[in-house]
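Shown below is the structure under consideration.
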Amino acid sequence: MSSLLYEWGANILHADQHQDHELGLFFMRVEWALDGPAEAPLGSASSVSEPSQSFDFAGFTSRFTPLAAELGMRWKLWGKAHRPRVALFCSQYLHCMADLLHRWRAGELRCEIPVIVSNHRDVEKLAEFYGVPFEFVASGRREEAEARQLELLESKGIELVVLARYMQILSPKFVSRYPESIINVHHSFLPAFTGAKPYHAAHTRGVKLIGATSHYVTDLLDDGPIIEQDVARISHRDQVEDLVARGRDLERIVLARAVRWHLDRRILCYGNKTVVFD
Amino acid sequence: MSSLLYEWGANILHADQHQDHELGLFFMRVEWALDGPAEAPLGSASSVSEPSQSFDFAGFTSRFTPLAAELGMRWKLWGKAHRPRVALFCSQYLHCMADLLHRWRAGELRCEIPVIVSNHRDVEKLAEFYGVPFEFVASGRREEAEARQLELLESKGIELVVLARYMQILSPKFVSRYPESIINVHHSFLPAFTGAKPYHAAHTRGVKLIGATSHYVTDLLDDGPIIEQDVARISHRDQVEDLVARGRDLERIVLARAVRWHLDRRILCYGNKTVVFD
Amino acid sequence: MSSLLYEWGANILHADQHQDHELGLFFMRVEWALDGPAEAPLGSASSVSEPSQSFDFAGFTSRFTPLAAELGMRWKLWGKAHRPRVALFCSQYLHCMADLLHRWRAGELRCEIPVIVSNHRDVEKLAEFYGVPFEFVASGRREEAEARQLELLESKGIELVVLARYMQILSPKFVSRYPESIINVHHSFLPAFTGAKPYHAAHTRGVKLIGATSHYVTDLLDDGPIIEQDVARISHRDQVEDLVARGRDLERIVLARAVRWHLDRRILCYGNKTVVFD
Amino acid sequence: MSSLLYEWGANILHADQHQDHELGLFFMRVEWALDGPAEAPLGSASSVSEPSQSFDFAGFTSRFTPLAAELGMRWKLWGKAHRPRVALFCSQYLHCMADLLHRWRAGELRCEIPVIVSNHRDVEKLAEFYGVPFEFVASGRREEAEARQLELLESKGIELVVLARYMQILSPKFVSRYPESIINVHHSFLPAFTGAKPYHAAHTRGVKLIGATSHYVTDLLDDGPIIEQDVARISHRDQVEDLVARGRDLERIVLARAVRWHLDRRILCYGNKTVVFD
């Protein structure tokens, strides 16, 4: 690999590996710039992305494919200039949505957001403020709603769907259209408190920490590969309302991290788990 | 209450209240010194406990009982001079045991430890070093083992049983003899991963944080009132062995906190939850 | 106190005490509802505030003043119906501002925000979106700028000034007009890395955690009573830009908590410290 | 590198890289087993170390040296079978010492501990229990004390000195004998509260989190490269004694992590910072 990259004039910026000895799997993430602008300061995304536009993707691919096949590798190649197209879904709670939009505007999330979809109208003004087209899709019959949603996503060329506290369960059919490309935030420390009303359940159980989890969506509810989790300390003084309020901060953060890592191609899925190269 | 304490010459050091509006319950913890040594520096436990020995427990009780009855109060009164008698149970893993014994020796835990009980002999030398009598009780048939254990506990006047990674499940009969007086540490963030091998389960699920929980033991396995929980961040790089190693630090800490709080009478149980006045 | 409140028909919802034995000080915070609507659900702010409007503030004050004087108490009384008037200041970084405004809109912060002040124009659209009047005050000569700012604050009846990453240092004269009523967020774990460019300093020192601190502003830079702090783990992989990005989440959270606690009258200052009754 | 290792029959278990683009430095840590026992389960340290004993260190070195020189590399090579010889120093507080010794006995720390040195006698029994020779060296005149200590360390072939709450300041002369090989724990979140009595200083300043820091010792007090830090939340209720008690848990953990990472050769120093490959 290193030799090949060297040959193609790549200046490796980051290289991460991971080996799962149990399963006999090897994972690698390599980020490189082209030789010319080796003086491009790290983190200066725009200057790094410049050369990658002139990178000969097709040539590299035809050269690398047989090598990868020989090693039994599954691989993907991205140019940093490409900004993935992301759809944001939400229901009536807007804290995650407002947070993602602000981060996007501030340049923290390298993507396009061509559409916001909701079964509520609360988000409309926020969408407008950030200049993102808003599409209302009533929840009604799921089959119809999803047909409309999928049509929208397709027409907008969406590559990643982010469920920013979207309270409808997606059908297996929908999920299968975006494998490892739908990120959800669940307001508990999974696998504790799956399903509805996790803060109520946490309060009833009397836990001393509450959590939030971002994960890829699979057919099984709240069961997909976990991307990020965080917790906050609570006490007997905290009522359900307090857990909800404390939890909002956790949800915002674990969802935003998951989206950023996904966009930066830092996440590899295998089995029902993730490798996150941070 | 305040007036009564005032009348008895009590100088209130700490007073904590909590109201569960949902259940209509009110909780209170009051810690006081007698008037004389009001200059006793807070935290200087010995000087505070001195006067409480001369406190007229019987007199106060007969005066307070009708008042409490009128208000529908359940109450308890302790003198700080009394050092509860604690039995420590363990199996082959000794990290929690070594930690508790060191804290005890260092004065962090205000109690007597008249006996260490184990179904393994690994702890014997440690017990000897700290000068605590060790009793080996083979796990064998649970009924017999527990009969022997209960006999021991009774003969030693034990008030609190601490399960410091004791890997046997106690019978309802045993548990009923020490209501809200058996503290266990479970090596997961309950209610996630109850039962055996929680670190394996956590690894399989691919969580990003592992946890540990200390709780009172009830008839239902890993279901009693939670006293304390803590978590540590892990990553895809961590194998089960790493989780076990990281987890040991969590277990030590959540168990030690629970024991200290219990000894300091900071924990009130209700329903299946705890109020911890820290 | 309890008797007096009882007499006035108060139904105590929360009562917190703290004693500083070293300094011989006693702190108390009591939150109550009036007897009538004792059935008002806790946390339902609007219904709780209703009765307090009819509370006889003047009568209670004249009754309580001599008692307080006798006990050497400094005290304040607020009705929950009163929503404090808050001015938000910022410079070019908008993450704290966007966060506070979203929380305000979502009902997390019980206050009015009659004005946003900045020495930059970046915040203008955001202010407009949330319907808050925006005032540009060029930094230029501090004396003039502050004169204009103070005039604004006075005309708007401002009770609390929140510096949401406002990068100008306020003069002692300004500070003296709002004692314990200016909240700042500093992007380090104070007292480490006071002054300018704390993330650069943290990177140079090679710390393994970065922090953020919210505090009341006093004459000494970054030295006022600390209200809240939080930290996040970093590693050698993180460059200054990464610290800045990670830090933004900390800043948002510690500032929002400080503002909420101040508005809920949970903070008492003494010496150069705070008591926060959460 | 990879090619050379491949040629020598190395089966790479872990490989970590880090690049400091600012300073133009590149860091790498590679851990490998020999081909034969490639089936050696990861984490099973003993089986991994077996083959490394038969590794041709001299041959590899003579082959690698010119390559390294060409690339301007500073490098070191260790066999896992070698257990570094560690001296533990302490004064009267024994919590870190007891913790390290327990971890060592439990197999968490891969090293020999041929000596414990103290200017107090409190640790003597603990040393005896763990079968470690104890040497009392009175603090008295530093020059004399250090001469005696250095003599001891030399005679025991010590490679790493761990200051487990050792309250004497080492001279530059002493420090220069063990460059990047003396680990200290400081009971604050450095660089805040350097020097004596950090918990008192933290209490006076009114911080909301306390911390502990493990670091390599250099000539400047509390200024060496930071290895690990952690913090715990405190409140206005906590007096200095409480900070001390809470802090003990932090100190134990950050020191133990630093020692383990050092022994596992996970730490690289540069400038005044560390790269920790975990």
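Here the chain labels run A, B, C and D in written order, and each chain numbers its own residues starting at 1.
Heads up, the rule we're going with is that a contact is a pair of C-beta atoms (placed from the backbone, for glycine too) under 8 Å apart; a residue touches a chain by one contact, two chains touch by 3 or more.
What you see is a predicted model, and the numbers here were worked out from it, not measured in a lab.
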### Message
On the document's contact criterion, could you list the chains that touch chain A and likewise touch chain D?
### Response
B, C
### Task
Over half of interface residue numbers shared between chain A and chain C means same, under half means different, so which is it?
same
### Query
Among the chains, which one keeps its Cα centre farthest from the Cα centre of chain C?
D
### Query
Turning chain A onto chain B with a C-alpha fit: angle in degrees, nearest 5?
180
### Query
What is the distance in Å between the mean C-alpha positions of chain C and chain D?
42
### Task
Could you tell me the distance, in whole angstrom, between the mean C-alpha positions of chain A and chain C?
34
### Distance from chain D to chain B - Cα centre to Cα centre, in angstrom
34
### Query
Using the touch rule from the top of the page, what residues of chain D touch 2 or more other chains?
21, 42, 237, 239
### Message
Help me check something: in the complex, which residues belonging to chain B touch chain A?
### Response
18, 21-22, 189-193, 205-209, 211, 225-231, 235-237, 239, 271-276
### In the complex with chain A, residue positions of chain C that touch it
42-43, 94-95, 98-99, 102, 106, 108, 125, 129, 237, 239, 241-242, 245, 249, 253, 256, 278
### Query
What residues on chain C touch chain B, complex-wise?
2, 13-17, 19, 21, 41-42, 233
